[in-house]
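First subunit A sits with subunit B, and in the next complex the same chain sits with subunit C.
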Partner chain A sequence: MINRRRFLQVSGAAVVAGSTLAGCGDGGTAGGGAKASGDLKLPTYKPFAGLQPDLPGAESGLEPGFLRFPANATASVKAPPLKNAVTALTETFATPPPPMGSNPMWQALNQALGAELKLTIGTDPGYPEKFATLLASDSLPDLMWLPPNQGIPNIGPMLEAKFQDLTKYLSGDAVLEYPNLAALKPASWRTAVVNGKIWGAPIPSTPFGQVMMGNPRTWEKVGGLQSANAEEFFAKCKELSNGTNYALEPAIINMLHMFGEWFGAPNGWRVNADRSLTHLYETENYRAAVEYAAKLWAAKVFYPDLNLADATPKTVNGQIAAQVVVGPRATADFRALDPTLFVDTLIPFGHDGKAKPVYDMGYGTVGFTPFKQTDEGRIRELLALMDYLSAPFGTKEYLQKNFGVEGQQYQLDAQKNPVLTKAGTQQAPGLVSALTIMTSPESVIFNPAFPDDTRKIHATEQKLLEFAMRNPTAGTYSDTSSKVGPKLTAAFRDTIVDIVTGRQKIGAYDEALKRWKSGGGDKMRGEFAAVLPAGVPVTGS
Partner chain B sequence: MVLLMVPGVVFLLAFFYLPVLGNVVAFQDFQPYLGIMHSEWNGFTNFVNLYANPDFWDALRNTLILAGAQLLLFFPIPIGLALIVDSLVSNRVRRWFQTIAYLPHFLSWVLVVTLFQQSLGGAGFVNNLLRQAGLDPIPFMTNPDTFPLLVVAQLVWKDAGWAMIIFLAALTTVDVSLYEAAAADGAGRWRRLWHITLPSLRTVIVLLLILRIGDILSVGFEQFILQRDSVGPGAAEVLDTFTYYAGVVGGDWSSGAAAGLAKGVVGALLLWGANSLAHRLGEPGIFQRRGSS
Partner chain C sequence: MRPIWKESPSPAYQAIKAVVLGGFALAIVVPILVVVSTSLASDQDIIDAGGYVLWPSHPTVKAYQTLFSGGLMGRAIMVSVFVTLVGTAIALAVTIALAYATSRPVLFGRPVLLMVLFTLLFAPGIIPMFLVVKQFGLLDSLWSLILPGALGAFNFVVLRTFFMNVPGELLESARIDGASDFMILRKIIMPLSKAVIAVVGLFYAVGFWNAFFNALLYLNDTSKWPVQVILRTYVLQGKSLSADQLGVEPLPQPQSLQMAVVVVALVPIAMVYPFLQRHFTKGVITGAVKG
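Presenting the complex of A and B:
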């Protein structure tokens, strides 16, 4: 519900590469660290009991759906968590909020927490730079949000040098002291394990990856967004592109991710029958997708201004027919601009109408928030704060964090759903975005004014899950990937974009691949293959 | 007198000389969480890696091409502008012209690039007109081959008026009686320009040229990072953006610093070379050797 779309869009394509995000897996080195992480006892999982969703979730990743906000929100923590002020570095993906002094919602939150929560709020892009500068300055805040896929390098040694090992307080049953943290799933916790130690509470996000969404009013003219094969999609795009209207947004790497799914390209790495790995870039499938994208580009169906920051308004007004966003829940972003519009989500299809497509699931979290090294009393205080801020959907704390105070920042509509007031829409978005990127409960589907959307999204998720593929290296760690992965991916993508836009011939692909492999790609493959979990299914021939 | 110098000296020390010491990270495997004191020293490894990195050479080549284009195409324009303004008789027209010409200097690169994007971009004003007329759009902003021209055009639009001011000031120092004498001897407009105006400007022109050459590897940063995606790094990656992507974004701070340091050293050598050349041609240059007048 809270807008993480842009964060995941900027970096979401990294999920395809599977290299940058590995920075937060288990293990500091390919050998010992991974083993230590295997030996670690993850926090005991004890889901929040007070609430039944209207549409059930599932282990597969299907998110539970709520048609209305639960009446009589219950409290999930017993006492205000703080006695002393806390400082934190975080990032907002909305317009930065009014500062604490002139933001009643922030002040009310401080009141509920028991002391001031002083946030330094970065904006996008530029967070890794801010993070690195602060790190070098040696005066760290108490909490620093650590994103998994914005390319912060050498996470293992950095954590050991500057941050607090929390294993003792969270491993096994120890976590039960913090019930809201115990309600986070083991799969989420794996994000926060590095070198066999737990470094913070994970920040769950939608487990779904990127999808293509289109404005149904635009696609109506050509028989709808859903297509049977790549040729049909191409023809529709061509028909929709005329005058100043275009079929596709100019986010080439993200679009390419979608085409790759139709051509059967793997999610990050392909696991071969002998359990060796083949990287996405090395597959014929991805190469074919690049050629297909070049063909679309040559047909002038992409919006021609590559610097376009956000295509959403243009999709809503019909100038662009389709764009790539993260997760089926993103329909809400379009509703926000036009309440009468429910955008359509493309279900991947085989490129020739016969081959089985894949759907790439996302990373499932947006990282974790480590603590500055400190004493036990302070650690417990900070953990209590994380517990408060991770309160599940439907609780009092959740309302306080996301909606503020009734009668001030929100009021209840006819169905008893919380809706932001005018004051709320000024004070909330920037603050809520900054809070939810550093702390979150497990995700749910909830569209207050549009319960029917929740039903449809729940159904779409089930369709996508039929083709779901997860990155086999998720939750594992490669030194090389952590150190040079971001650089290699960026260089390879530069070449791909050159090829798609016709600045280079497809022959440049092989040259770029060679550089990717010798620059560290081959080494990464070895490191990932050595720690490939036994439970990961074979995805190639 | 000394007291008056203090703020300036402190400013220079704090923001220019002290940060120079930070260049030592070029000889380290610098990690921000370890700091300069605890990062490992690795000698010239970063420079060796830089030498072996084709991307660095591409960035250097682009920088030189763009610098060359700027030098050839941009440098003469402020001189021309200054001559035009100087020849305007009406004070009012002159002031208007001057103001209009130098105002764009105060716009940020983001605004300038956006303005160009809105008028010349793929979805911009000109191309939309062309489309309505049934013609093919022209890729002004996305053609890597013509990128140097685009960049110079933006630079001229933004900064030519500003650069003109220094020449205008120099023009006011020309002794008017020289023109009168020349006119009396029957020298026409062009002869006066050639024999009086330009020779009077020569010292300033050479001075600015030397400064520009010393600075030639700094072709700009924002202008290129903003347009890198539109034309690709093959045309728009310059040394400064390379440093940014390798160092700050890629987390390899040390090779970024190494590239920056190499750039600084080359710049200093160029400056020295250009100045020596100026001396040989009998110009004062930016500083003078002891003993020469």
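Presenting the complex of A and C:
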């Protein structure tokens, strides 16, 4: 099997460069979209007051931490939201759930909602095809999850033609009628704005991006994973690589993402003083990172099989010392394999020990869920449903959606944390995944079995935030990017991997960059620059 | 002196042959062994081996128990078996009938029909297919997995070519004896073409068994999903490009569970091969040496 992880996005940047569609631009072709988006009044932000996290969150993106599940979950919704059945297209990132008819958890949710929630569950990959066929067939479900990164083209015109403009129900104080939607942050809402209109409730996910994690038992021999500069890291890697043991997983592009942060490469695009944009690939910083990666490869510190599907077991048993994961909360993946192991997260450092590193934040949401065009009564009913399903962590509705019914799908452990029962583990994962990809509250850190992990992750996040950089184009939209971006990125990366693994010389970098620019890179730059929000700061270098 | 091909081969040559062929055999057997072993491995085995396991030291069937506990897998196997059996039967019936009709020069309008059939070699787009399936009211029905694939242009061409090689005199004499077209097809053509029908049947069966994309598009009810869709969700889960970009952290399935799904998806169709292999070789070498 081809290792897909290897091709992961370099950064949140690439999410946009690749195929963003959610955004407040209008494709950069017709004027006015960016301005209209600027004029739009985002929904008023009113955090949920009913709960105090053990570790506070912050506007910067810091996620609140809960050491245990709040006792006596409070209700955040006054009445069941539905009177009529609702259909929805969503996607599961877990194994598909048992169908509604034989899934008591789903039935219990329907009961709580007041009517049936009929989900059409797509899988990954394959979702864009499912989306496109449903759209073409003109028999749209009431709700359709719209992912920001799967290459669905022409978002603006599509939304205008087939979906409901929700601006007047959500803009400004209007959102206060739906308190759980009002508890979503403005940064999240921005990703649900296209052509200056709000098209659905955003689906927040962790705002953090990729990090490198290492097994502390392995790194102990060389004084730990944290390093002061790139040379020190190189020396440690070399020392750890011998026989069948290697320092780094062979996910070249992901590793390059980390090195790029040490060399000060921007998150996707750099905003210059004159408000022009420079792409990551065009910077000397990224080029230096590529050369550094080639040096590491030549020193044989990468696990040699580029097709390795999943490095996690090898990191746990020490064969590989470090790998790149989706974000600082991924420590749980390693705990799942070895409950005694808490992996270390590398905090970016300046390549020479002096320069300020950057840490690339992620996209922050998984898109939004637009409604099929309908009348006001139905719109309000659907909004009430979204409000219910976006209930914050710790509420009754959150429990119902994620854990089901006490005594059936979950039980409380000694610390009063909900734990899925055997029935729960069968009924919940596929259903919960399908529900949370289309509706979600703001994210929290919660590791019920290991409360101390929550503390440590919270501390790590604060350190990462010191270097945080957001992609300046996040939440905007370039037509060229969604059409040819993924292809251009893939072609450029092929050359990069060749250079790192010694199959091509560094000179090939410039040719590949030329191809990237003429193939659409320059056009993307123009489109993104045209809709660059005024609030985005000039990138400090 | 005896000709060279009657000499018994030298031991050295024998040894080289054994090594080379043994190497090939290993290259085929080891991956299958790894799949089966990993499916039977305990969590500890997998961590110790860092992923795939060659031989589990603490074998367990836990993965299979988990797999079948939800009821999803059992149902999916039934669906796949139904689609494969019924689909293959229908596809063979349709293809044989059409191939026979177009192989006889007497059919009215044959050139036009052949032109139309020629277009079948080109796959239609996803959306036109979806619209047709929808208009026939086949959405969310298992027939949507069977009927659109019931006539494979390639298989049709293979069968038709074979039927055309049956001597016309045979059919003429049958007709003189009063046989109808149906009788000729059943009593003469089909017995003569057993090998090629078996091969085409196998192609169809494997195609139906392996198909997953139509199921993704046409079936909204997860209880009707065939094995391959389940297999895909288990194995690809957590490795998807989009999940990672989005910062979604799907719980990765244990490697043992993934491999157990592979075994479950592999075994039924692999069991068909031994029964058809006899015909398969015959079908493939048909025309190689006529004697």
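We adopt the following convention: the second predicted complex is superposed on the first by the 506 of 541 C-alpha atoms of A that agree within 3 Å, B and C clash if a C-alpha of one lies under 4 Å from a C-alpha of the other, contacts with A are read in each partner's own complex, and residues count from 1 in each chain.
Keep this in mind: contacts are C-beta pairs under 8 Å (C-beta built on N, C-alpha and C of every residue); 3 or more make two chains touch, one makes a residue touch a chain.
Predicted model only: the values in this text are computed from it and were never measured.
Of the two partner chains, subunit B is the only one touched by A:D494; subunit C is not. Judged by the touch definition given at the top, the superposed model places A:G224 against neither subunit B nor subunit C.
By the touch criterion defined above, A:G50 reaches neither subunit B nor subunit C. Contact with subunit B, but none with subunit C, is seen for A:G243 once the two complexes are overlaid on the shared chain. Look at A:L306: by the touch rule set out above, it reaches subunit B but stays clear of subunit C. When the shared chain is aligned, subunit B comes close enough to touch A:K162, but subunit C does not.
Of the two partner chains placed by superposition, A:G172 touches none, neither subunit B nor subunit C. In the superposed three-chain model, the partner touching more residues of subunit A is C, compared with the other of subunit B and subunit C. By the touch criterion defined above, A:A136 lies against subunit B and subunit C together after alignment on the C-alpha atoms of chain A. Taken together, the two complexes place residues 129, 132-133, 136 of subunit A in contact with subunit B and also with subunit C. Every residue of subunit A that touches subunit C in the complex is listed here, in rising order: 1, 3-5, 7-9, 14-15, 18, 92-99, 101-102, 120-127, 129-130, 132-133, 136-137, 139, 147-150, 205-206, 208-209, 308-310, 312-314, 316-317, 319-320, 326-327, 329-330, 332-333, 336-338, 362-363, 366-367, 426, 429-430, 433, 437. Subunit B makes touch with subunit A in their complex at residues 31-35, 55, 117, 121-124, 127-128, 131-132, 137, 142, 144, 226-227, 229-234, 245-246, 248-253. Subunit C makes touch with subunit A in their complex at residues 43, 46-51, 69-72, 126-127, 130-131, 134, 213, 216-217, 220-223, 225, 229-230, 232-253, 255. In the complex of the two chains, the subunit A residues touching subunit B come out as 128-129, 132-133, 135-136, 138, 151-154, 157-158, 161-162, 243-244, 303-307, 483-484, 486-487, 490-491, 494, 497-498, 501, 503-504.
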